[in-house]
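Here subunit A shows up in two complexes: once beside subunit B, once beside subunit C.
Let's look at the complex of A and B:
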């Protein structure tokens, strides 16, 4: 449980912005700007943040869909960007991904069975193909007769189950879930999240669960990392984070969770303003433009990411 | 899904009319020669330039050959030239389009500039230039028309591949370890195929027009082989006295080109989910 399955050190991913004129200095979107964290074997690490904070980029770098600009990603102490082709092929079996949009993550011209079978064929597991696929379909709650149907015949929830079965096919150890339920109806979300928890136990999976929905992350995660403008500002055990949030941004996010009781009054102190552009980042602490507890130092110096308590990291001048 | 495309196609009466015209002409090309009383190359100078009669329904040409028989045999040549050339051209164009769209960057830039060069020539001029280099004849006509349809297909396929490439299912294919070749063959090509079918159909009409034009100018199919464009060219001299000799191949060309256009438009509407308004 405590062994690290994935270690990320000082990861950066910059995207070049198209220049308006030839002589302009090239600018970059700093989607991920120097983050470090670890994922432990068997846990679920929730990664939350507003849209555009770089959380999906982190997921894509981990599954090698995007090359990092700097930093290292190590899977079981091997840098995944130093691997040769055979090692990369082996890595594909270990790290899989569940995509956000079940309407575009399935090839419209392939039948369900074929979609789930494809990872097996590519990785040369030729025995009992049909039986394996049918077992996967049962595990994710799909009926056997769906085998010969096209994706467009299914609802969003069922499509997402197909996507999950495809990710499970290679029996991976780590699955990057990139907002797996945010495109679904709320009533379906719970079903899918519960099913994901069941298969996590059954297949001994580790999840990196990327989401902007704190409620769902609270339900599924063991630990939670909060991202803001390409940086992780706080990371802690779920209980600690919800009972004793340290970073003002985390506090703001927690206050923004809707309360399902209309008689209870929503706490004051919601986050104000918009997220600054990741091209022209504010000086000093990135959050100072929206922070309620801003100090002089915040506009000048970037705070240091430090372990304030056991396993509780935060990046804020309040805790210097 | 295939069923519904057919259904949507059948709803468009004009498109169905185009399809019927094409089917009739194809039938004529396949079966017609077995029903003809004359040989398309039999010369009968005594009966040249006849108007339509019981013996010669569409009259005879400058050497007394039966126009109807030559029309029927000409359909074969016309279809062989247009179908093979468009098939070859589409295949090559599609390969270039897929490569350009999928890999992007410099590969894309090089291929697209090459198609720009080809597209800069007016279509017929390009075909004439190619025939001038290669020489006349059926095979060279096919090559000329094939080259001329490459850039159109390459552009259209590239466009659709650009959108497909950014779909999550292509990312998913990469994550499960699919190679470039596998991704292209199993995911990119099947999803851009409807575009290819539509444009190939539309190109067939253009190809027939070009091959007829080449033959009309004496650069395509050579006499004595019956070809609609060549027949039109010979009959032009006697347009006033025996108009039927020019009208028959002229109308045949018009009908077939129109048939392919209507069918292609109908296919495009039936395959394009965005225009599903009925």
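Let's look at the complex of A and C:
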């Protein structure tokens, strides 16, 4: 098996909530509440979940945009939050990010070439600057004549290509992709996903692919982690997860995807209710309020995250 | 009216926007026929004109920038385009109503849910506050909101996205409309909540006489809900047919491309099939077929002349030279 490029242990990230009165106890949004997983060299790990489950927070902690409340994030066996400035500078070249919204993540006053060039200039890699940028542009499918154009002249898909070229500029090993195609039209999504797979092979990249779209995640990932209210409830190889999902939430998610086939009319609305607030988390298992297979123990005790089969982790009392 | 039970017939609808950069032909000659209780899905990518089509039906196009320049919209026995604004107000929300995509921005944040639903009854049926509240609570029950009596006193921010969308649906259905237009009703929602809303729409279809025009880009939602499908590209309908024919035997290369670009649940292909290129600028439309620049089956004639919207078997229609005889 490949080596682990990133190891996350017991990661927590809490955000304080504004107090209404001085004497009130401080409350927290527990966006990420004690998760552990690894990403292997060269793989694509899909991270799925509904809004508010904490998946984007995980991505931001990995690229050091947010400090964790507790836990460790180790990149090639070095804790990234124990590094000194020189090491951090080197690390930032290794881990890059692609953002969701191609409209707000590019500086509207910089030309395409300048945007892609900026990381190279900051890191003093100024040899053959223009050629490097043009090669990056070709690799992500941008025409050379776009070099002197501004972001507003492009469609969403092309802007996302610019964002990807910028992330590639420093030749990183790991890219955190936070919903990279969800703002795009279907036909453009397919183009970007294909291109991302091409550059993954070409640049030997590892992806953490964060998305709520199980169809896309299934297509691009090797392994998939499912998050619910700050916890990873299940993680498995893609095929296992889709053919033999263990956690009731994973099953509910899979059954909720509308199948694009009019001959297969599904039963809808299997998962009832809304996601509880991450400030007042349910006691016991966080999913018990919506779970069809709830047992007595689920409302009282938090289940333990355990490996039930090879490389198949699940957090559910059904498998105690 | 020629088809039985037809409640909406649109002929050659054209809506244009007059902008500084030029004129945009947002809807460029669209024909629609809708029967009672039918669910018609309008499918297309952003900029295809599907939302503008719906707004045109309600005559909600902002003048003078935009204008319906041509066509007829026959609702029952009247042409909506001949009606005055006053007469249109009696139809909007009463006989034809609409659910918008963003449930947060479509509800007024400073009024309670009850007041916003009550308004529909007050305007169209002259009900007072008490009667209106009672009807509002009934509607909220119908769309599956727990504690409806309490919910009418809540403000939109106190509800989750899925609940807000249910409120929007309750409001749209309040007067038991003949036609409900749903513009991307599930796009802003999480997948489990989307599934709940699809179930709600499926149940409502069984119970109510309402015909639905479902506007979406999500072909999964279309397959689950619609009976007939119209595919739009650059302001024109390019294909129409019943949902099974469209999904299993699509004619138009664009329809095929859209269907192919969805990641299939059961395949493990390494690459997705794509539609090449991007949609052309609305200010520089290709002369012939609007899809010619991206089409895999392009022929010489495609770039020169626009194909006609041809009738095929079983009421299907397609706009493509490949299916035009005698060229």
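Criterion: the second predicted complex is superposed on the first by the 316 of 320 C-alpha atoms of A that agree within 3 Å, B and C clash if a C-alpha of one lies under 4 Å from a C-alpha of the other, contacts with A are read in each partner's own complex, and residues count from 1 in each chain.
Operating definition for what follows: contacts are C-beta pairs under 8 Å (C-beta built on N, C-alpha and C of every residue); 3 or more make two chains touch, one makes a residue touch a chain.
Just so you know, these numbers come straight off a predicted model, no measurement behind them.
Annotation for the three-chain superposition on subunit A: subunit B and subunit C fit side by side. Once the two complexes are laid over each other on the shared chain, residue contacts for A:44 go to neither subunit B nor subunit C.
Rounded to the nearest 10, the angle made at the CA centre of subunit A by the CA centres of subunit B and subunit C in the overlaid structures is 80 degrees.
Taking subunit B and subunit C in turn and counting the residues of subunit A each one touches, the greater count comes from C. In the superposed model, A:57 makes contact with neither subunit B nor subunit C. By the touch criterion stated above, A:150 is placed in contact with subunit B alone, subunit C being left untouched. By the touch criterion defined above, A:96 reaches subunit B but does not reach subunit C. Once the two complexes are laid over each other on the shared chain, residue contacts for A:119 go to subunit B alone; subunit C is not touched. In the overlay built on the shared chain, the residue A:261 is in contact with subunit C alone; subunit B does not reach it. By the touch criterion stated above, A:160 is placed in contact with neither subunit B nor subunit C. By the touch criterion stated above, A:218 is placed in contact with subunit C alone, subunit B being left untouched.
Following the chain A superposition, subunit B and subunit C show a smallest Cα-Cα distance of 8 angstrom. Every residue of subunit A that touches subunit B in the complex is listed here, in rising order: 60, 63-65, 89, 92-93, 96-97, 99-101, 104-110, 118-119, 122-123, 150, 152, 163, 166, 169-170. Taken together, the subunit C residues at the contact with subunit A in this complex read 45-46, 160, 162-163, 190-196, 198-200, 202, 217-224, 226, 243-244, 247-248, 257-259, 261-263, 265, 270-276, 278-279.
Residues of subunit A touching subunit C in their complex: 50-51, 155, 157-158, 185-191, 193-194, 197, 212, 214-216, 218-219, 252-253, 255-266, 268-272, 274-275. Interface of subunit B with subunit A (complex): residues 1, 167-169, 171-179, 182, 186-187, 190-191.
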